[in-house]
Structure formats: structure tokens, C-alpha cells
Amino acid sequence: MTEQTTFGREDYRHFRPIQTRWMDNDVYGHVNNVNYYSYFDTAVNGYLIEEGVLDMHDGAVIGLVVETHCNYRQSLAFPEPVEAGLRVARVGSSSVRYEIGLFKEGHAEPAAQGHFVHVYVDRENRRPTPLPDDLRTVVNKLLVA
Amino acid sequence: MTEQTTFGREDYRHFRPIQTRWMDNDVYGHVNNVNYYSYFDTAVNGYLIEEGVLDMHDGAVIGLVVETHCNYRQSLAFPEPVEAGLRVARVGSSSVRYEIGLFKEGHAEPAAQGHFVHVYVDRENRRPTPLPDDLRTVVNKLLVA
Amino acid sequence: MTEQTTFGREDYRHFRPIQTRWMDNDVYGHVNNVNYYSYFDTAVNGYLIEEGVLDMHDGAVIGLVVETHCNYRQSLAFPEPVEAGLRVARVGSSSVRYEIGLFKEGHAEPAAQGHFVHVYVDRENRRPTPLPDDLRTVVNKLLVA
Amino acid sequence: MTEQTTFGREDYRHFRPIQTRWMDNDVYGHVNNVNYYSYFDTAVNGYLIEEGVLDMHDGAVIGLVVETHCNYRQSLAFPEPVEAGLRVARVGSSSVRYEIGLFKEGHAEPAAQGHFVHVYVDRENRRPTPLPDDLRTVVNKLLVA
């Protein structure tokens, strides 16, 4: 296991609510490890769509996921609501490293934290492309020093 | 295809918000047909848990699904929010037929409607058991004449 | 609940193996009702792709699901393998009703059976279109008298 | 992104087939990043159940996932079959680090590789417990020097 700094709520730049689902719980009665990544995916892409910089149907540039990671600290379970904190740790010429913390309501410490690296590519040829300016502006709003 | 009456919002007794997820969308850019059932499942069980009559971890009685059905009328797509309307069409000695309508925000006509039949069984031997009184009271609140 | 004829293996025209997944099991230790539909979806589309009549990326015609239904008779659970039986009950000008039975290994009676209605539409304008000849030929191979 | 050694097929100790599903593909036409983890989960737990050392219903000891990671190198897409290679990189007193490679049929290089750390806990109190002897024997069969 990788040693990791724990990030609290104050370390994130934007929060989004995540709704758990009945079938997220597995045989042990808690959200299955796989579903945490659907929360990451939904939080990051939801933010980008809301900010108007990701058009999944017609955009010339799409984000491909090249690396994901999660550390699980406390179990989550349907029907509890979850809050996803977002921050950007690095913006490269064609990639962005998003960091996500999942928090139980009212908790200061994360139930899970992880990251998610997008490489932005041309929709047609799927080759890396420089971040469009509007996307760069939006991800920079989440960038931590 | 079964001919069906269309139920509008006024035909439902309770509404719950459903959050779509990025991965709910399939290759055609809309929520895959399978995921509608996770919305049904989440709406029905979320209601029962909130009302205090379903304890998925320790309850003596659990609901097993014996029949589900859905008619799809309009496509849904992440990131749009969905509202699930709930009603109960029949309460038997050990079963309940829940009917669900999924609505886009501000739409009077459902994007999808379907049903979901629970048979309540003893957790240990999985044999049908009469509905506990508290559960019967709660589902009766959703019963349509 | 709808009264239903039970179809045995001999009533299906084609079989496909389905692999269950760890996270298919829900808190009660069996495959969640929602996942049965992912088996239906995978069996029908897998057959059509294998037969060369569905090109999900570039085909001019795509199948939209307008109705699905499932009756659950016996529980399934990861890691058991499942066999999906396929038959076609009706071929319309632009729609097909597929019927699916899910069988446990070595069982004559289905663990679940249901149906799935595809309406074929033009990929661009999403309006119903007559079944292409090659698709009609392939679904007719599964048609029961 | 973490720099990583690439492991080929010869670096894994056990292989398991994974079946992709229609709904695994997302709007970009390839398996969504989240689903890779359901393949990891299914491969590891499928192996342990088959070897008789994981009883998800009644075992006194269960495996909780505390860390997962994946690097994505080539896209996968339904309906292609996938092979999951398994190896164990570390066995602690109550934890195991599984490493998984996902391979396309006939490819020597992985489409994705990642890891998955299980901490084994007492089912009732969820506190870490020494690996049972039979489990230790089985995971040691996958241990790389």
C-alpha cells in the first residue's frame, strides 16, 4: 500500500453530491470497491459538463482515462449520501490529474480518496491534443498550488 | 409490446430524485436500458428504508424481486437529473406491486414507466411471509384506489 | 404478476454463456434483479454482432430498447455460470421481440425468463426504419413458429 | 502518472477468462474505466472461491479492499473476450497485494494492469485477522519471488 497524505475537506476546491444506489452495496453490505470509481467519474465529468467544457456527444476533444487509484478508509453504504471533493494536482500539455475525496455527510476525514488522470485526445484519431483553452481555464480553477 | 396506460405525475403518490451517472450512458449516448432498473430499485428501497420498514442488514423479512417490467418512451442521458414517481397498485398477503414512473425535470409525461413486484420472505428460510404491519402501513400510503 | 408459460431449453433456438461477476451479487448474496437485464442485453447484442448484422460503431441502423420484462424464479449467484437461451417471438417491420431464458448449468427449468423489444432506427435521426435484410435474415433464424 | 514496469503474460501465475458486456462500453465506444475494476474483483474472488478459501456467505474471514489501482494502455471493447492474469506481490500477516494484468486475446502486452490490496478481517467485528492457513497456502501459489 502506498503511504498517503490524508486530505480533508479544506484541501478540495469544489464539491458535488453523489447519490448511492441500492445495488452499489455488495454481499458484505457496503458499497463495492468498483463503484467508488463511478463516483469519481461522475464527479469529474459532471463538473466539466456543467462548466461547459466537455461535450460528450460532439466535442472535438475527449478525455481518456489512463490511470486511476483509490484508497478506501471507511465503508460507505446505500442509502447514505456522499460528497465528492475535487481538486486538480497537475495540468500538463494534454493531461490533467484530478484528485477526489469522498466524504460522508458531516465528516471531516474522507471515507476514500483517489485520483484519476485524463489525457485529452482528438475524438477522431484518438491522439493526444493540447488542452483546449476553455478546458484549461476551468481545470485551473481547481488547481492546488 | 403490451398496450399501456400512460401515467402522469398526478398518478404517483411519492417522488424521489435520481442522479444519473457518467457510465449509465452507453455507446449510443443515452442511459442504457438496464440502468433504469437500478433507478427503480433505488427509489423503492430508498423509500422503504427512509420510512423505517426495511432493514437490509438485520431485518427478519426481506423483499425478493419476482417480476420487473419497463416501457421506455424517451431517452434519458447523464448528466440530467431524473425524478422517480412511486405508487403501489396491489398489496397481497406477502407481495406488493410497485409502479414507477421516471420523469425528466419539468416534463408531465414519463420518460419511462414500469413495475416491480416484491415478495416478502423470511431472511433465513427465504419462504414467503405475511407483510409485517409496519411495512403494510407504509406501502398502503402509496396505494392507488 | 402476469401468468406466464414456462419455456424450457428446447424452446430456445440459440444459447450463449454468461459469466457472472462478484459485484452482481447484492446484499442478500444473490445476483441483483437489475443485472439480469445486462445478461439479456449482452446475449442479444452479442448474437447480432457475432452474426455480423450489428455494427455499434458505424452501422446506419441501431436497435433501441422500448420494452423489457423479467420473471425471476430461482436466484442466481456469482460465481456460477449462466446460459442464456434466445428466441424471437415476433418480427415486425421495424421491431423484433426477443425472448430470453436464463438457465443454471444442467437445469431444465429457467432461473429467469423475460423479453426485450428492439425498435430499429436510423442512427442519425433516430426514427424507425425497416429492418435491413441481413438483420431480418438473422433474427428469422431464431423465430419460433 | 506513476512510472511502471510493464508485466507480460509470463509474469503472471494464473489466468482467468473475463467476458465483457454490452453495457461495459461507454459513450466513447470502449469499456469504461470503472468496469476494469469489476474484472479485477471477479478474477481475484473467483480464484479464491474456486480454490475453496473464500466463502462469501458463511466464512469467518472476509477480504476488504483497501487500495486499488489501474493503468490503462489500450482500450477494450465489448464483445471482445479478455484474459486476466493474476500474481501476488506481497503477503502480509493479514493482507495480500494482488496484481492483475488484462490482456486482449493473443496479445503479449497488457491492455491494462493494476493492483488490488485485500485486508482480511473477522466478518463480525471487521477487525484485521491473520490470514487463515488455507488462504495463505493458496495465495502463496501466486506469489512472485
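Should a chain be cited, it is by its letter among A, B, C and D, assigned in written order, with residues numbered from 1 in that chain.
To be clear about the criterion, a contact is a pair of C-beta atoms (placed from the backbone, for glycine too) under 8 Å apart; a residue touches a chain by one contact, two chains touch by 3 or more.
Small disclaimer: the values here were computed from a predicted structure and weren't measured.
Trainee: Could you classify the chain A-chain B contact as same or different, where same means more than half of all interface residue numbers appear on both copies?
Mentor: Answer same: the two copies use largely identical residue numbers here.
Trainee: Consider the two chain pairs B-D and B-C; indicate the one with the greater count of contacting C-beta pairs.
Mentor: Higher contact count goes to B-C.
Trainee: Just curious, how far off is chain C from chain B if you go by their C-alpha centres, in Å?
Mentor: About 22 Å separates the centre of chain B from that of chain C.
Trainee: Just how far, in Å, is the C-alpha centre of chain B from the one of chain A?
Mentor: That gives a centre separation of 29 Å.
Trainee: Would you kindly tell me how far, in whole Å, the mean C-alpha position of chain D lies from that of chain B?
Mentor: 34
Trainee: Can you list the chain D residues in contact with two or more other chains?
Mentor: Each of 22-23, 25, 27, 29, 32, 34-35, 38, 41, 56-57 in chain D touches at least two other chains.
Trainee: In the complex of these two chains, what residues of chain B are touching chain D?
Mentor: Those in contact with chain D are residues 22-23, 25-27, 29, 32, 34-35.
Trainee: If you look only at chain C, which of its residues touch chain D in the complex?
Mentor: Those in contact with chain D are residues 17-19, 21-23, 25, 29, 38, 41-42, 45-46, 49-50, 56-57, 78-79.
Trainee: Which stretch or stretches of chain D touch chain A in the complex?
Mentor: Going by the criterion above, the answer is residues 1-2, 27-28, 32-35, 37-38, 41, 56-57, 62, 64-73, 75, 95, 97, 117.
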